[in-house]
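Which chain is which? They are A, B, C and D, in the order written, and residues in each are numbered from 1.
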Amino acid sequence: MMIVMHNDATDEQINLVVARVETLGMHAHLSRGTERTVIGVVGDGRKIEPAQLSFLAGVDHIVPISRPYKLASREFSPSDTVFPLDGVSIGGNGIVIIAGPCSVENRNQFLETAQAVREAGAHALRGGLFKPRTSPYSFQGLGEQGLELLCEARELTGMPIITEVMSPDHVALVKQYADVLQIGARNMQNYALLHAAGEGHHPVLLKRGMSATIEELLMSAEYILSHGNRRVILAERGIRTFETATRNTTDINAVPVLKSLTHLPVIVDPSHSTGHWEYVGAVARAAIAAGADGLIVEVHPRPEEALSDGAQSLKPERFAEMVKQVEAIAQAVGRKLAVRESHVDQPLVSVSQVPAGLDR
Amino acid sequence: MMIVMHNDATDEQINLVVARVETLGMHAHLSRGTERTVIGVVGDGRKIEPAQLSFLAGVDHIVPISRPYKLASREFSPSDTVFPLDGVSIGGNGIVIIAGPCSVENRNQFLETAQAVREAGAHALRGGLFKPRTSPYSFQGLGEQGLELLCEARELTGMPIITEVMSPDHVALVKQYADVLQIGARNMQNYALLHAAGEGHHPVLLKRGMSATIEELLMSAEYILSHGNRRVILAERGIRTFETATRNTTDINAVPVLKSLTHLPVIVDPSHSTGHWEYVGAVARAAIAAGADGLIVEVHPRPEEALSDGAQSLKPERFAEMVKQVEAIAQAVGRKLAVRESHVDQPLVSVSQVPAGLDR
Amino acid sequence: MMIVMHNDATDEQINLVVARVETLGMHAHLSRGTERTVIGVVGDGRKIEPAQLSFLAGVDHIVPISRPYKLASREFSPSDTVFPLDGVSIGGNGIVIIAGPCSVENRNQFLETAQAVREAGAHALRGGLFKPRTSPYSFQGLGEQGLELLCEARELTGMPIITEVMSPDHVALVKQYADVLQIGARNMQNYALLHAAGEGHHPVLLKRGMSATIEELLMSAEYILSHGNRRVILAERGIRTFETATRNTTDINAVPVLKSLTHLPVIVDPSHSTGHWEYVGAVARAAIAAGADGLIVEVHPRPEEALSDGAQSLKPERFAEMVKQVEAIAQAVGRKLAVRESHVDQPLVSVSQVPAGLDR
Amino acid sequence: MMIVMHNDATDEQINLVVARVETLGMHAHLSRGTERTVIGVVGDGRKIEPAQLSFLAGVDHIVPISRPYKLASREFSPSDTVFPLDGVSIGGNGIVIIAGPCSVENRNQFLETAQAVREAGAHALRGGLFKPRTSPYSFQGLGEQGLELLCEARELTGMPIITEVMSPDHVALVKQYADVLQIGARNMQNYALLHAAGEGHHPVLLKRGMSATIEELLMSAEYILSHGNRRVILAERGIRTFETATRNTTDINAVPVLKSLTHLPVIVDPSHSTGHWEYVGAVARAAIAAGADGLIVEVHPRPEEALSDGAQSLKPERFAEMVKQVEAIAQAVGRKLAVRESHVDQPLVSVSQVPAGLDR
């Protein structure tokens, strides 16, 4: 932390700042310039509230020097974090593709989609039960009554399941049914939820808030890491800007920036980051070209009937096409699609065998 | 809802869209322009997911016509919502000032500040126990152990107490100690929390998310209102923009826009919206000049020792000065500071009488 | 300028950076922290391109310490810049109101508006001849053929005239007809234009670009000041954000920030910063409450016929009302409306005397 | 254009709006919903100023339906615009790479870079003479005295030359020396300059303004096209957002959006859109993966000595590496690097033959 003094700060003011720094258990180091004096604070600045110094007489402003996160930084852990997810490596050389519907709407829709994305090459299945909707009048998800469907889809396809948790008191329950907990963009700074997700070892897919900086995303990851859970996947899902042609603006820069700052796996969500299925393929390719470790994509068999986010959902055949394009890009950057090392011999069950009467 | 067709949409495509609209229980109304056909959807569009139509062949885009919120709108309820808060009217002609420290740090700090802001003219006391902090290494608030201090401050000063809730399972507990529940900017779209706050009749101070549109703020208010609680206060607390000279950008436009769109009381938080105590007074005056119904301001007796947000906290004497300036502005716009109709005869206790040993 | 080294920078790398700093004619000052070394650059950092240092091995990033502008800073010139404009002081205690139509459309419209705003209390008249329009198909202004109308309006009302210049080669011509040159938001970084406006002593009203930071606005002012012209008025006219309820977001924080950083007069344009006439009054009051030195407001006798920006134009009677409200706010902050010291005894000519046949 | 009426608009108000629409030469078409009436305006809405209608009593807001640009739209011209640039096709299947220094600093630096990028596979050479710099104290470019160097570099390398014009009165002069005129981000809405560039047939590289929407970029292109020049190349160069980890935020979504909306070639500038050379390669690959037709990249032989933008400049060897990666990505999306059809047999002259004494 560097304390930049006003250009007319007096020696007395400078001395008081130095004294305050020492009181806080740090060392002060003076650097007198032609216009201003700068006081370096030597010690771990993460423990100090900058305001405790910025408020002193003669102080112009405070410049942080250390990164405010530690466990998430590449300086702390230079090599990439890689962990297994049901036979697939996340964070390694293989590109991981997570796909599925925005919401689990009913049994047939979910199982049909699950099977289609599996056949097209997806490695994991997404499906939301608790839906954060802007409007109280929109479909809010099946909630707890859909949990059994997650298990059924896993058994049917052999794929691990990713679903969103919205409240700390859901975490324990959802862990019994899902393989990965998703923390959505609106909850990136829901610290009670980060805390709950930080306990135990279920992998957490942490989405960047729509107006969160890259640094804030890493600070939220730090909450999870500092509670003991090291299995965090970061997801760029578009940020809010002035541009209205797309739902959000994919911050493609964030991919190489995150890969440089952190050892955690980084994936991109081209469905939310564009909001239009026509642009999902282009941005999925761009993400992998820029160095992302995977994708999370919304797929729906009949987007025109989807109860949420239909406009950004790919039909299964377009998703299959996207996977092929992504594979070509992966090869162009010296990678490949992740390979599942099937630990169980999972026979595929056809969705047509599912009795229609059980549909909700 | 208007469905704008592509300029080369065929009659068959148009007919299919019309059929789909009718299937959804609405009426379709065609308007053929020189370049495009527009299909008006007659009925309550709030029930339809736009994607269910935008995905059909030949559709260019969908334009919503109705406002997506209802109970929060001035069309629904033309006259201002006014409700009493411990003898003070919120939302009426009187300007309400809420003040206090960012965090309750300890007994002495809180009670000293409470008394100082009361003497300077504040109507209600703020103080956070559960603090949403970007860094897991920052002070996280006293938590539940500080709840008794809220009661003590109320008894000491006779002022109602406002404190933040961060998790749905805290709501019931905090209601026993606080008069107003604050939902912070990071939780504006924490729907589980909105749901919990929407039950019962404790007033809720809902802060605008840092990248939430005015419409989204009203949608979040709609969640609370639609669960039965009509006592919602909206707070503009600055939005995130590219400008870095201040912590956030006060969206002063939001004040007249909100007063035009909704009947709910609107207050401004100049402490968070600027992030620097030097600018708090100017923006507080601007807020009242623009038509706000009140202010929420951070005050700390010794900002340089504050455990959070010291840089934006006013010292008590500056706060007292601000109240005088705000009073002058209120008069210039034909209003005045709210007057407490003291229902209890509250003797003031001096903070010096508080035994120091009880300090935490 | 402080050079922050990587946490694993070697002594050799540090020595090379120090050597490079000395080569550039500055002094280097080392400060070794627990995690990183910071090298202070002592000397006038404005002359160095940061990249010349950021690129060296072991450098993490560069932190500028000095403000990049000098002549515009309050540190350079602590007391407010005040200059006369045709008998009215700009930048002093009096609030200056500039009003008029967005575009000069024809003789009647311009003279009628001129007289109306003069009667309502305006101090100066605005009117655009060269219009920067997003669409090539929109009205582009009368151009040079309207210049005589500016003179006629000045003679009719005795008010000084403000008009926009869009091209360096117009500057000399426009100076012969107008009293103040306006540089619009889209041209805030049109350096050829800033250069041209910086020569001579015609006051320049410099509008903040829609995505310009406060610092960049001051840098653009610095261009004008450094070419010798000290008569610069800064105008906050709203910035572009994600919010779409208003045309722009008025950065009300910018008022106290600018008053703190610079000695130049600061005015606000509530017409462009809101885009809706309904909100102009509220934001005009807020601007003066926040400390602005004046306003520039669009007025049109028949906004529904305006060839540009009708939606944000006030009718003359509403403008008159706004002036009264602003006067009340001015008094509440210890100021008043500026008073013209009539150096010439200017008889008012009624617009009805203008022969209609001369209308364009 | 659709006119959305207030929910309490009277029949009289509706009739007046209809009458006004007819007066403006268009037809009105009523659509009465359950909450509101919407009036469709049939005819070419581009000619109407929306405010002329939004101001009428009972009108809530106006919704544009037609795109505001025409010549730039894919609806107007469905097939891609392709034009030759000195033997290279722009806008076709081949990827075009433009490279060179930010500023032409002196003869040796420019010719050395020219030769290096040519050898690495660049198709055209960039180099700025008139530099738009935020600070008046920064290097402003060689100006007119550098024009001869452009010719010399073209003769040396056989590559066409791209340079920025900042003022309309430079256009004629620069055309004599350069092959492509660049209009920079700060000048995207400098209409006098767009007008000047629109005359004649010199290709124009139009950069997106840092806070311009995609639609505004197309409107600026429309200015050039409507003046008769059809050779416009659009460049995404990053937009300004709240994120500060990079200089700008590359709007990668803009690539597929532009390819869908317009027939004009689209290139990306990863140097400005990231601001850090470390991220240039990743974003260059992403751009081509997303469907861009080319790149414009800053290269400098000794970035640490660059007089502008050194931090974002690639060294020649890294640029060569980037070209190889881009070629692999191009193949993965079914394209290839553009091939020059050498119309002249251009012998390469070594830079070592350039007499050092001529260096400026």
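One rule holds for everything that comes next: a residue touches a chain if its C-beta (ideal position, glycine included) is under 8 Å from a C-beta of that chain, and two chains touch if they have at least 3 such contacts.
As the structure is a prediction and not an experimental result, all values here were calculated from the model.
Asker: Select, from A-D and B-D, the pair of chains that is joined by more C-beta pairs in contact.
Answerer: Per the contact counts, A-D leads.
Asker: Could you tell me which chain lies farthest from chain D when each chain's centre is the average position of its Cα atoms?
Answerer: Here the answer is chain B, farthest from chain D.
Asker: What is the distance in Å between the mean C-alpha positions of chain A and chain B?
Answerer: 27
Asker: With centres defined as the mean C-alpha position, give me the chain B-chain D separation in Å.
Answerer: From the centre of chain B to the centre of chain D is 41 Å.
Asker: Nearest whole angstrom, what separates the Cα centre of chain A from the Cα centre of chain D?
Answerer: Inter-chain centre distance comes to 32 Å.
Asker: Quick check: what residues of chain A touch more than one other chain, meaning two or more?
Answerer: In chain A, residues 211, 240-242, 244 touch at least two other chains, as defined above.
Asker: Where on chain B does chain D make contact in their complex?
Answerer: Counting only chain B, the residues touching chain D are 2, 4, 7-8, 29, 31-36, 38, 40-44, 63, 65-66, 75, 211, 240-242, 244.
Asker: Considering only the defined contacts, which chain A positions touch chain D in the complex?
Answerer: Of all residues in chain A, those touching chain D are 211, 213-215, 239, 241-246, 249-257, 260, 273-274, 278-279, 282-283, 285-291, 325, 328-329, 331-333.
Asker: Spell out the part of chain A that touches chain B in their complex, as residue ranges.
Answerer: 20, 46-47, 49-56, 68-69, 132-140, 166-169, 186-187, 189-192, 209-211, 216, 219, 222-223, 226-227, 240, 277, 303-313
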